[in-house]
Structure formats: structure tokens, C-alpha cells
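Two complexes are shown next, each including chain A; its partner changes from chain B in the first to chain C in the second.
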Partner chain A sequence: MRWGALILALAALAALGLTMGEVRLGLPDLWQGLWGGDGPGALTVRILRAPRMLVALGAGACLGLAGTVFQTLMRNPLASPDLMGFTAGAALAVLAALAAGLTLPPPLLSAAGGLAAAVAVAALAHRRGEGLAPLRLVLVGLGLGFTCAAASAFLLQRLPGPEATEAQRWITGSLAARGWGHVAQVWLPGLALAALLAVQVRALTLLELGDDLASGLGLRAGRARLRLAATGVGLMAAAVAVAGPVAFVALMAGPLGSALTGARGAGARLAAAALAGALITLAADLAARNALPGVTLPLGLLTGLLGAPYLLWRLSREMERGEL
Partner chain B sequence: MRAALALLAAAVLLALLVGPRPVGPGTAWAALTAPDLTDPAHVVLLTQRLPRLAAGLIAGAALGLAGVILRGLTRNPLAEPGILGVNAGAALAVVAGAMATGRGDGGLVVAMAFPGALAAMVAVFLIGGGLRGGAGPMRLALAGAVLNALLMSLVTGIVLLRAESLEVLRFWNTGSLSQAAGRPLGAMAAVVAAAVLGALAVAPALDNLALGEAMARGLGTRTARAKGVALALVAALAGAAVAVAGPIAFLGLMVPELARRLAGGGMRAQMGAALCLGPAILLAADVAGRVVLPPGEVKAGVMTALIGGPVFIWLARRIRPGALA
Partner chain C sequence: MSAAPEELRAEGLSLGYPGRMVIRDLDLTLPPGRVTAILGPNGCGKSTLLRACARLIAPLAGRVTLGGADLRRIDSRALARRLGILPQQPLAPEGITVADLVARGRAPWRGLLAGWSARDAEAVDRALAAVAMAGLRDRPVAELSGGQRQRVWIALALAQETDMVLLDEPTTWLDLPHQIEVLRLLQRLNRERGTTVISVLHDLNLAARHSDHLVLLGPEGLVAEGPPAAVLTEPALQRAFGLAARVLPDPVSATPMVVPL
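Then we have the complex of A and B:
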């Protein structure tokens, strides 16, 4: 029942996003533009707003899935790829290639950067005898994120003017000037990785019970963990490549999705997180384009403004329970 | 202490002489003793390098000292005005004040940095539970990092709303010494000097507090008052630093660690070392940013973050999850 409401909200936001903007379109114009290919709405909808909306949907869903994978693996709501510095690492790799004049596909670059960041954080946070404490992981990841962000700011200085302006916008998280090429760039790897994740839902369910129990039930816990983490990094990278390191969507999507749908099992929570991630990103983009007349704010600014209070509330709640 | 002084002297010399347009020591001496305003080298030194040097001394000393006080108070190596969002609070208050009055960020608007810093610090300690003890040090650092992100988003939003030049945005987002000539150097130097005296006065109480609340009370320290004074000093120092150099992070993280290693455990000795090390590191970062990517310039705040990020990781690794703050 509540799943229906979530999907309905998503559809309503998508329709709203297509009609609202510098040029306001009525629903008939929208319909005509989408299916008829002519009329006042055609150009706006087909070239400008539809690809942007689809990129927002795809990137949001990917981030939601990635966040939930890590939150479930670490059994901690704070262990999301943005807090742990993976998104900053992915962004740094894309910028570094740009500054070095390499022309590789952005999704590959961001995946490489994200993977490197994940390996670095895991290696740095690991302590003999204690393993990977989730909170140290988050804290070390935060430090890596600071470092990568500083290195990105450093590299921005090296880029020539026009590229620097575009990169500056992208590095805060932005959906400006997204076309159909970007839609393919996020949806194709996103769908492939989501399918890969669907196959691993059982492993994730078992791992949630604890490594010992999972091993007892016939799972090779270490390997399954690595495969799931790699899939999560891939999903995160697909989103970062097209939308930049958007803050806090991966963090919020899982808990929001579960709260809205009441999902319990790992598979259901993943599906809910994908929908919620898309919902958050669409809503933030709608606000980014329409909050101020004549100014389009960066998407990452809006998700930051949404996510930070949520995270502060979450922190104080966890603390009351004595979990931090 | 001698090592810290030598570092500071070296950094001051570098700050005056090195840059896209190098100035010889002889020319620099001549410019300071007998300025000749028709000589471009003299003009560069007097109108660019000297204000930058002054801003670096003020902001570096303020942030280094603020870091030492915060660390002494919370016994948390990650408690630093940049990471806790105190600098961001000051920057947000200035930017908001500039928007509300419509008069830019000059004059009295800059004084908004002080209430801004204080409000952010109260908020982060309320959320992070930093002063009660019994709370993990991770919680304060996390709460601070998030508050910092939130306040910085607001700064970006407000500046975009004003639709002013990108240069303004960058100054209030990432600190730098490049705007030094237009900042209120004299007033902020006076604030920092007063705060230094206050810090030296409250240092013995902080030393006692390090022994534990009960022990400090037994030694005759009025703990609540000492903590309040120390926090007010941190707010004043962070506000002054932001007013001259924008929000510069990680200086308050690196300086206390170094000061401890150089000067030992006593608060006054650490403060003295921090007053030399803070400016030395900030000026060195500024000089490095000037020469590393010619003809462009990398902001001092970016350079301190490049070194400070790894230091943060190193300090974070040492914390035990269950450790008391």
C-alpha cells in the first residue's frame, strides 16, 4: 500500500519537474511535447528537462542502493559512501584525469577513484584485534574526504577557465546541462549493477546476521562482503560520474525508504532505498531550479541542506541510545 | 620553543621574499626602511606582502591558540575550530550580515563573526555533548563535521543568492590571505592580543581541568567559569581569524599536536609554542600556494587542508571507539 504512495509521489514529482522551470508548461503542452514532438513544450521537455529528470532518477536510485549496501554491510546508519569519503575519491579521480588531459569515460574514472578510496579507508581504519569498527571507518573516511576535496580544489586551479567553471559546478553536485548521453551513462551501468546486486540479496541477508552465522549457513563471508562492497562502489561511481559527488543522498535514502514503506528484508529495503534516493534527488533538483527566480542552485547544495539536519538529528538520537 | 621561533622567523622571511615576483633581502630591507613608491618591488612588498604577512600572523596565531585551548578543554585531538564548524559559523554570520545590511562585508559587519562563532560553538557542544565527558570523541568530531557542512552550504547559498563575483564566494568558502589588504587587520590584531592575555590567564585552570573535574575543584579551580571563559576565548580567536583570512581549517588540528611535542604538557608552554607555530604553518602554506602553480595561486586554506586531511586521518586512527572525551 505505502509502496504505491511512494511510486505515486515519485511520478508526481517527475511531472512537476517537467512542467516547472523558467518556462512554465501546462499538462497539455507537456503531453503534446512528449508524444507529439511539436508544440511549445517539445524542445523544453525533450532536450532540457526529460534527460535532466532521468539523470536525477538514475543517479538518485544508484546512490540510494549504494548507501544501503554499505549501511547494511557495516550495520551502521552512518556508514554511507558520502560520509566515508568514497564519493570525494571518485570525484578526485575524474578531476585528476581532466587535469592530466586523459580522456577516459567518466564512469570508469569515478569507479577507479571510488574503489581506491574504499580500499584506502578500509586499510587505514583497520586495526589488528579490533577489525573494522564502523565509527572509526566513518571518521577515517571523513578525513580522506577532506583530503580528496582539498586535492580537488587544488586541481581546479590548474584547469583552464571554461573547464574550471564547469568542473567547479560539478564538484558540488550538479545536474546542469545533462543530455541523453548522460542518461545512458548512468542508466546502463546502473541497471547492470542493480541486477548484479539483486543476485547478491541473499548474501546480504545472511551477512546481516553476522559473519559467523553466515559462514555456518554456507556463505563465504569475506568474499561475499568484498563482492557486495565492489557492487556498491560501482553504483556510487555511476551516479557521481553524471551528477558529481552529491552530498548525503546515499546517507538518507535507506532510512527514508524503510520508514516510508515499512520494508524489512534486505531486498525490500534496497528497492525502497532506490525509490527514496530518486525521490530525494528529484525533489532537491526541483527546489534547486525553482527556489530562486533566475538562479539555478547546485543540486549538492540542496541535498546538503536537507541531509545535514537529518544527520545531526540522527547523531543526537544514536547518542541518546548510547550507541556512539 | 627555540625551534618554534626559528620556524616562525624563517616563515616570515619567506612570506616577504618569495612569490611570483621574488624580492631580494636587500630590496626588502630598503623597502621597509626607506620606501620608494616608484620602485615596483617596493610597492609589491608594502601593499601586498606586508598585509598578507600581518594577516597570516594574526590568523595563524589565533587558530593555533584556539586549537590548543579546545584540545586542552575537551582532550579530543579532533576538536578544532575548523572541523567543529566554529569558523563556518563566523563566516556565515558575516555573509548573512552583509546581505541583511546590503553594505558588503566591510566595517562593523565583520564584527558579526564573533557572535557567529560563539553560536556555532554552543550548537556543536550541545549536539556533540563535548563538555559533559562520557561522550565518545568521535561524536563531537562527527557532529562538528556535519554542522560545518551545513553552515558552509548556507554560506554558498547566500553568496549565490547575492549573485556577486565568484571571488567573494571563494573567500568565505575557503580561507585565504590574498584579500589581506582589504581586511580589518588592526582591530583583529587587538582582539587576538587581548585573547592571548586571557588565554595565558586561564591556562593554569585548564592545566588543573586536565587532571579531572573533581581534582580541579579540589585544587580550587572554578571549573564552570574556566570552561566558559575558555570557550569565549576560542570564539573570539576564531572570529578574528575568519575576519582577516576567511574560514581556514586544520590549522587548529596540526598546531596543538606539534606544540605538545615541542613544548610538553603544560598549557602555557603549549600556548607559547602555538603562537609561533600557527603563523609559521599558515605563512608557509600561503607561500607554497603562491609558487606551486604559477601564474595562478592556490588559496592558503586549500594548502592547509591538503596537509591537514592526512593529519586528521592519523589522529582519528589513534582514537579508540569507546574512549572518553
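Then we have the complex of A and C:
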């Protein structure tokens, strides 16, 4: 029932996103544009808006899944790959390759950068005997994230003018100029990794009971944790490779999805997070394109505006619960 | 629950971290089909020993065997079908209900893609009935009292249907009536199903009343093992705890009762 409402909201936003913009289309134009014809409607929808919308859906869903994987693994709603600096690391890798003139596929670069950031954060936050405390991970990750963002900003300064404008994406996150190639770039790895994640849902369900009990129930907890974290980094990287380090989607999607659907089990929460991530990204992009007439704001700016108050609210709740 | 119970043995077992040995060169046999309590002062390595017996930590030296085979050579899922462990502070996922939590005990019996079978459902029902929680199966675990919650965790271990259950301080946060309730439940489980029960306990008198076999550890390692009357003696208590005490027969159960001086 509530799942239906979430999917309906997603469909409505998608339709709205296809019709709204600098060129306003009526529903008949939209219908015609989707299924054939070659009027202005067709051009707008098929070249500009449909791929952009599909990239938004794919990237949002990937970020939602990645965020929920890490939040569940660390048992902490703050432990999302954006706060832990993974997205900033992934974006820095793409930008560094761009600045160095290397032409490697962005998803690979982003995955390598994300993985490097994750390993660095884990190594810096790790303490013998205590393992990885979620809060320490988040604080170290924030620091690493700022460092990566600063390095990205520095690299951006050294790029020539036109490239620099385009490369702005790797600082704030944006869906400008996304075509069908980018749709494939996020959906193919995204679907493959989501399938890989589906097989690991049972492991995640056991890890929720704590590593000791999970081991006692026959799971190799350490390995399962690593595999899940690697899948999470991959999902995050698939999103960053097409949209840049979009802020706070990974942080918000899980809790929003669970609140909207009432999902409790790990599998259901992941599905809800994917939908909610897509919803947030789509809504933010719609606002980014239509908030100011004649100006398209970067997507990351809007998710930042949405996410910052959420983060403050979440922090205050964690403080009340005595977790901070 | 069908084949002859297998014994768990520590052979030349050393545990701890490099530089901080907690258990040194321990040889010990935990009798199958009995209720055993591991006792000793804080920091003597009771929990460490129990965790090593469940393969949650690797030995620095020596080995733990189950039915003669080194634990490290047994496949994880196969081990989880023979030996269950209830750790000291297991975590209940947010919002989970009693039945859902207990159902997770079925994990070692379920194939990767296999669905929920009738046998799984029966095992959960039996486990809930055994701890008298069947009526509360749909309640969120977070709403239960401490004693009820502990019964749910024990039900999870029962749903795992192992011949041997290891429990790390199962009574620690409970008040006296609930402690007795848990210990009686474990004893009944042993008598009715033949399950080997091994737990780490703090209360010497309760352990003596509700166990067949005691293992007493001290700062220097194993102090005594055997039936309660043979283990809880005045010199043994002095060695293990540095405690001067008189040991009298418990007026109700006739098991040894420790009265500190």
C-alpha cells in the first residue's frame, strides 16, 4: 500500500520532470515525443530530458542502496558514504584523471577513488582492540572528504576554461549534459551490483545481530562484511561516475524509504532506500532545473539544501539518544 | 539431537593477544550431554575460553576439538548446525518482532536460495514454546522486559537446533527470579533434549545448584573441574578468587553453598 504510494510519487515526478523545463511540454507532446515523431517535443524529451531523468533515477537508487549498506553494516544512521568521504574520493579520482589527460572510463576511476578513500578512512579510524567505531569513521571520513574536495577544487583551477565549467560536476554533483551513454554507464553496473547485493541480503540480516552471533550462525562475518562494503563502494562509485559527489542522498534515502514504507527487514529496507534515493534525486533535479527561470542549478546544491537540515535533525536526535 | 553427543575439548590451549596471554596451555574436556558452568574472577578468561570454544577467536597455541576434529577444520555452516553460541550482548535489529528474531536462528539450515520451510517454522514454534514466549511472538523485542528478552535470545539458539549450546553470561543483567528462570530453562533443555549446555556464570551458588559440572578458573589458570561439590571447596575459592569463605551444604538443594567470611 505505502509502497504503491512511493512508486506512484516516483512516476509522477518522472512525468513532471519530462514536461517541465525551459520548454514546457503538454502531456500530448510528451506522449508523442516518447513514442516517435520528430517534432520539438521529441527532441526535448528524447535527447535532453529522458536520459537525464534516467540517470537521476539510476544514480539516486545506487546512492540509496550504498548508503543503506553502510548504515546497516555500521549500525549508525550517520555512516553513509557521503559523510565518510567516499564520494569525494571517487570524484577526486575522476577529476585527477581528467586533469592528467588520462582517458579511462569514469566508473572505473570513480570505483578506484572510492575504494582508496574507503581503505584510507578505515585504516585511519581503526584502533586495535576496538575495531571500527562508527563515529570515528564518520569524523575521519569528514576530514578526508574535505581534503579530497579541496584537492578537487585545486585541480579545477588548473583546467582550461570550458573544461573547467564541465568539470564543476566533480565538485558539487550535477546532471547537466547527460546522454544515453551515461544512462548505460549507471544502469548496467548499478543493476549488476544490485543483483550482487540481493544475494548478500541474508548475510546482512545476520550481521545485524552482531558479528559474534552472525559467526555462530555459520556466517564468516569478516569476509561477509568486506564483500558487502565492496558492493556498497561499487554502487556509490557507479552513481558518482555519472552525477558527481551528490551530497546527502545516500545519507537520507534509507531512513526516508523506511519511514515511507514501514520496511523493517534488510531486503525491504534496501528496496525502499533505492526508491527513496531515486525520488530525492529526481525531486532535487526538478527543482534544480526549474527553481530559477533561465538558470539550471547544480543538482548537488539542491540535495545539499535538503540534506543539511536533515543532518542537523539527525545529529540532535543522536545527541538525545546519547550516541554523540 | 540424534547421534551420540560429541565432546568439546581444549588441548594445550593458549588464548589472548600477543603480549597479553589470558589462558595458558589449558587442557580441558567439557562433558557431553551435561550442564557445565565456567566460573572464575573477572579477567580470568572465562568468556575468552567460551568464545574460543565457539571459534569466535583463534587460539594463540593449541586447539579446540569437537568430536575429535579441530574446530578450524570444520566448515562454518556445518559447525553452526552442531554448536550454537549466545554471545554476551547480542544486538536486536530495530523494530524486530520476537518471531522474526528467533527465525534468524534457522540460518545454518537454510540454503542460499531456499525459502522458508515447514521444518523451519516448526523449529521456531518449538523454540518459542520451550521458553514460554509463543503468546508474545508478534511483539517487538524492544518492548519486552529484560528477562523476556533473554528468553527470546535463548529461543533463537534453540531454533538453531544444535546438540550443544554455549552461553556467555546469560544471567548477568537479570534479577534473581529471572536468573533462576533462565538456569532452570537451560537445565530442562538438557534433561528433555539431551542438549549439552555450557555457560559462563558469575553466581557461584546458583551455578552449583543448576549445573552438573563446574570449571573454576583463577588468575593462574584452571583451579578445579568436576561435580560442584568437588570444585567449590574452601582452598579452591582461595586460589581462584583470593576469597576466604566457608562452604556449607545448601539447605534446599544440598549443593555446596559459598558463604564469604
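Everything below uses one rule, namely that the second predicted complex is superposed on the first by the 320 of 324 C-alpha atoms of A that agree within 3 Å, B and C clash if a C-alpha of one lies under 4 Å from a C-alpha of the other, contacts with A are read in each partner's own complex, and residues count from 1 in each chain.
Simple rule for what comes next: a contact is a pair of C-beta atoms (placed from the backbone, for glycine too) under 8 Å apart; a residue touches a chain by one contact, two chains touch by 3 or more.
Source: prediction; values computed, not measured.
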Joint occupancy of chain A by chain B and chain C, clash or fit: fit
Which superposed partner A:216 touches (first chain B, second chain C, both, neither): second
Which of chain B and chain C A:149 touches, first, second, both or neither: first
Chain B versus chain C as contact partner of A:309, first or second or both or neither: first
First, second, both or neither for A:206, with chain B first and chain C second: second
Touched partner set for A:264, first chain B, second chain C, both or neither: second
Computed vertex angle (chain A) for partners chain B and chain C, CA, steps of 10°: 100
Partner chain in contact with A:28 - chain B first, chain C second, else both or neither: neither
Residue contacts with chain A in the superposition, chain B compared against chain C: B
Touched partner set for A:292, first chain B, second chain C, both or neither: first
Overlay on chain A, chain C to chain B nearest C-alpha distance, Å: 19
Chain B and chain C contact sites that coincide on chain A, given as residue numbers: none
Complex contact set, residues of chain A against chain B: 78, 124-125, 127, 133, 135-136, 138-140, 142-144, 146-151, 153-154, 157-158, 172, 247, 292, 295, 297-298, 301, 304-305, 308-309, 311-312, 315-316, 319, 324
Chain C-facing residues of chain A, complex: 75, 129, 199, 202, 205-206, 208-210, 212-213, 215-220, 264-266
Residue numbers on chain B that touch chain A, as the complex places them: 78, 127-129, 135-136, 138-139, 141-143, 145-147, 149-150, 153-154, 156-157, 160-161, 163, 174, 249-250, 293, 296-299, 302-303, 305-306, 308-310, 312-313, 316-317, 319, 321
Of all residues in chain C, those that touch chain A in their complex: 17, 51, 54-56, 76-81, 83-87, 89-96, 100, 104-105, 107-108, 110, 112, 156, 160
